[in-house]
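For reference, the structures are reproduced in the following blocks.
Below, chain A partners chain B and then partners chain C, in two separate complexes.
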Partner chain A sequence: MSAYVASLVSVIGINMILALSLNIITGFCGQVSLGHAAFYGVGAYAAAYLSKLGVSLPLTLLAGAAMAGTIGVIVGLTSLRVRHDFLAVTTMGIGFVFLGFVRKQRWLGGELGISGIPDSGLGPVGYALFVACAAAAVVVFSLWLKQSWMGFTFDAVADDEDAARTVGVNTSAYKLTAFGIGTAIAGFAGGLYIYFARIILPDTFDFVTSIAILTMVVVGGTGSVWGVAVAAIAMTLLPEVSRAASDYRLLIFGAMLIVVMRFSPGGLAGLARLFLARRRMTP
Partner chain B sequence: MPGSSPWERSSPSVANYTGSLLLGFLLATAVSALAGIAIYRFAYQPLLGHSAFVPMIVSIGIFIVLQEAFRMIFGAYGIAFDNNPYYTTTVDLGGIHLNYVEIAMVIAATVLLMGFGLFASLTRAGIGWRATVTDPQMATSFGVDPIRVRYLNFFFGSALAGIAGGLVGLLNNYVEPTMGGLVSYKALAIIVLGGLGSVRGTLIASLVLGVVESFGAIYLADVFDRDAIGFLFLILVLMVRPQGLLGRG
Partner chain C sequence: MSTLAHIEDLKLSFGGVAAADGLSFAVTAGEFLAVIGPNGAGKTTALRMIAGVLRPDSGRVFFGDRDVTALPAHARVRLGLGFTHQIVRPFYSFSTIENVMIAAGHRLTESPWRALFGRSRRAARERAAAILERIGLADQLDKSPRALPLGQRKRLEVARAIALDPKLLLLDEPLAGLSSAEAAAMADLVRALPGDGIAVVLVEHNLGEVLRVADRIVVLDGGRVLAEGAPVDVMARDDVRKAYMG
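On to the complex of A and B.
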């Protein structure tokens, strides 16, 4: 594995974990979040700060996930008060609050972020494999979660919250759980990112990043684990493969959101399901 | 419709080409209004049957695409007006120096919002408009055409956004592709804060948010930046009043 491939694998793995973590909140449980990058950032900052103090890699990753998950549950509390568009605006606001806070903190490096993050000790290739294993673990966890009892309940909440409440589902508890799990995994991705980049800047976790993560989820198919995983890989590789795609990256993301929602709201997964169903109908 | 107001900005290139600020301004407003209608027709109307999530994602897509399109067409560094006399001419109002654009903004906001309020409360179209928001089915059975109402909404909403964009361009004497970004987020925050559909709530919310941001930026300067203070305030208010300041719960 060359250094280039190793870095590509790391980025793909991190993006995949991010997309799958948002998929748990937005896909499984139906709670829109436009500020997911904030939790990615919380995890990254927590891990980076601790790593500079000499804390070991596994502990910093765990601390980043725990910190992001804790804040995620607090932010999740807002989802108990507001829904749909209002929740979208609220979570978007969380992203700005996080950025505005971090930028003003001298102990977190302010605008310059945190640099000089220690080496992972695994080497570029070893670390890429580590990230890939972590991404695979998140895929397996997502698949398990989706078919578990909790996954069914998430589905019920996403489908019709009031109906779920009527049949005795404690929707508040499940929404908070979804936020907790999803944001903790995003924080974990943030921790993985710092040992890869070795420097973090506030702008890495801005609104555009939140939208990029959301685009992967929507294009892959909101709620589909495989769809989201494939979309995360494809959308990370796209700017690498084609120079034009890298120049017009945002334009392509925006156009994808419009086209996918217009013609296949179920995303790639919806298309695949349609294709398979057609093939079964015409043997 | 979430995030419905498009982010078209008037481009000073028309003004620079023709040498007429007025022509550029009017054209910008017209282009915005027509673009709003086109966006409704081709992007939102086909999605009417879907859940609110779908049009919301589309609105984000449109936002990104327009911003990138402006960057590609007009360049990333923006354009300044060649000749903007309203920017340089100032008036002294009892010790406060204001330039013509600032005065025009205050007057435009007052006139447009008053006219808007009168239109919504007094004219047939305005009443049909509000009826459609409250209960689309009932409004339809009373002869209001909801499709026409929506077109009208997008026309007016986009025209107002175009006027605002033109004025901001004149005020800064400069326009650039991302100038609509933060404004759009803030506008969304303000209508949510005021309570969706309430013009009075929107007015109060924009005033309150402006004051909170300004004072917050002084007293909390070491902890948060201006935007964070605004959104923090929004979140706190929504936790207490999820329907917004004057929204109906």
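On to the complex of A and C.
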């Protein structure tokens, strides 16, 4: 594996974990979030800060996840009172609050972020494989979650919260759980990112990143584990294979969001289901 | 028979208009109680306060010996206090049987932690299928609730409530919008619930069916109890007749 391929695998893995983490909140539990990059950032900053104090890699990753998950639950508490478009605006605000905060913190490097992050000690290829394994674990966890009664109950909450309460579901507890799990995994991705990039800048975790993550979820098919995983791979590779796609990344992502919403709200997963259903019907 | 639930002096007003104005009555275990009254009498408000969907301004709600006034609706459901909405609220993204399964698996969904480690849906599926068969929806298991006519959606709502193993079921106008044949069939269906140990509080406008199925009637007017007792006695009272005639 060349250094280039190794870096590509690392980025794909990190993006896949990010997209799947948002998929738990938005896809499974139906709670829109436009500020997911903030939790990615919380995990990255926590891990980076600790790594520079000499804390070991596994512990920094755990700390990043725990920190992001804790803040995620606190933010989730706000989601208990607001729904739909209000929640979208609230979560977007969280993203800006995070950026506004870290940019002004000297101890977090301000505008220049944190550099000089220690090496993972695994080498580029070893680290790429580590990230790939982590991504695979998140895929397996997502599938487990979807098949479990938690996934079933998330579906009910996403469908109709009032009806969910009628069947005895503590919707607040489930929504907080979705926020906690999803943001903790995003924080974990942030930790993985720092050993890959070795430097973090506040702008890495801006609104555009939040939208890019959301685009992967929507294009893949909100709620579909395989669809979102495939979309994360495709949308990470796209700017790599085409220079034009790289230059017009934001434009392309925005257009993809609009096209998918208009023509295939189920995303790639919805198209795949449609295709399979048609094939089954034609002998 | 022992008292299963009772409300004490419930008061609730919306913008200065009292929907409940010192409301008190009790439900006995295993009985079929109908709550009737003219439009605006506060019937649905009373039911929603017992269910926990609405919080009273003052007064208390008891289920068994327990004061449940501060408990949210979902927690009351878990104690055995089920309710159905006036306007049906199935999960439209679920099939008919899945709508009942999510209720039948209520022990697994009690906490997210327990739900995460709950995998098998077989037991819930079998239970849901049995309930749907009894309720006359055996042929509709895998259909979307969207494909069901209103009468069947109302049955689905009752099936979902039964799957929660309630001790008391609050039904908010289950006959509304049904044809007379459908309404009679639905009334027969819910009439059989006390036989399974489920007490029923029915809020309903269809007086003919109410008088046919209720053990006891509570008449509300202006957010207060106007009369209560056996259907024949209550309906013979002048004040009740006057409240209805206006």
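Heads up, the rule we're going with is that the second predicted complex is superposed on the first by the 283 of 283 C-alpha atoms of A that agree within 3 Å, B and C clash if a C-alpha of one lies under 4 Å from a C-alpha of the other, contacts with A are read in each partner's own complex, and residues count from 1 in each chain.
Everything that follows uses one rule, which is that contacts are C-beta pairs under 8 Å (C-beta built on N, C-alpha and C of every residue); 3 or more make two chains touch, one makes a residue touch a chain.
Since the structure is predicted, the reported quantities are computational estimates derived from the model, not experimental observations.
Asker: Judging by the criteria at the top, classify the pair chain B and chain C on chain A as clash or fit.
Answerer: Pair status: fit.
Asker: Just to be sure I read the superposition right, which of the two partners does A:153 touch: chain B = first, chain C = second, or both, or neither?
Answerer: It touches chain C, and chain B stays clear.
Asker: If you stack the two complexes on chain A, which partner ends up touching A:163: first (chain B), second (chain C), both, or neither?
Answerer: second
Asker: After lining up the shared chain so the two structures overlap, which partner does A:96 touch, if you call chain B first and chain C second: first, second, both or neither?
Answerer: First partner only, chain B.
Asker: Using the superposed model, give me the angle at chain A's CA centre between the CA centres of chain B and chain C, as a multiple of 10 °.
Answerer: Result: 80 degrees at the vertex chain A.
Asker: For A:265 in the superposed arrangement: first (chain B), second (chain C), both or neither?
Answerer: In the superposition, A:265 touches chain B alone.
Asker: Given the touch rule stated above, what does A:211 touch, chain B (first), chain C (second), both, or neither?
Answerer: The answer is first: A:211 touches chain B but not chain C.
Asker: As a test of reading the superposition: which chain, chain B or chain C, is in touch with more residues of chain A?
Answerer: Counting contacted residues of chain A, the larger count belongs to B.
Asker: With both complexes superposed on chain A, which partner does A:177 reach: first (chain B), second (chain C), both or neither?
Answerer: second
Asker: Thinking of the overlay built on chain A, is A:5 touched by chain B (first), by chain C (second), by both, or by neither?
Answerer: In the superposed model, A:5 contacts neither chain B nor chain C.
Asker: Between chain B and chain C, once the two complexes are placed on the common chain, what is the minimum CA to CA distance in Å?
Answerer: Between chain B and chain C, the minimum C-alpha distance equals 12 Å.
Asker: Residue numbers of chain A touching chain C in their complex, please.
Answerer: Contacts found on chain A: 145, 147-150, 152-153, 155-156, 158-160, 162-171, 173-174, 177.
Asker: For the complex, which residues does chain A have touching chain B?
Answerer: Residues in contact with chain B: 30, 32, 34, 77-78, 81-82, 84-86, 88-90, 92-94, 96-101, 103-104, 207, 211, 214, 218, 222, 248, 250-251, 253-258, 261-262, 265.
Asker: Okay, in this complex, where on chain C does chain A touch?
Answerer: Touching chain A from chain C are residues 72-75, 77-78, 82-85, 89-94, 98, 101-103, 105-106, 108-112, 114-119, 121, 160-161, 164.
Asker: So in the complex, the part of chain B that touches chain A is made up of which residues?
Answerer: Going by the criterion above, the answer is residues 2, 43, 46-47, 50, 52-58, 60-65, 67-69, 72, 181, 185, 188-189, 192, 196, 221-232, 234-235, 238-239, 242.
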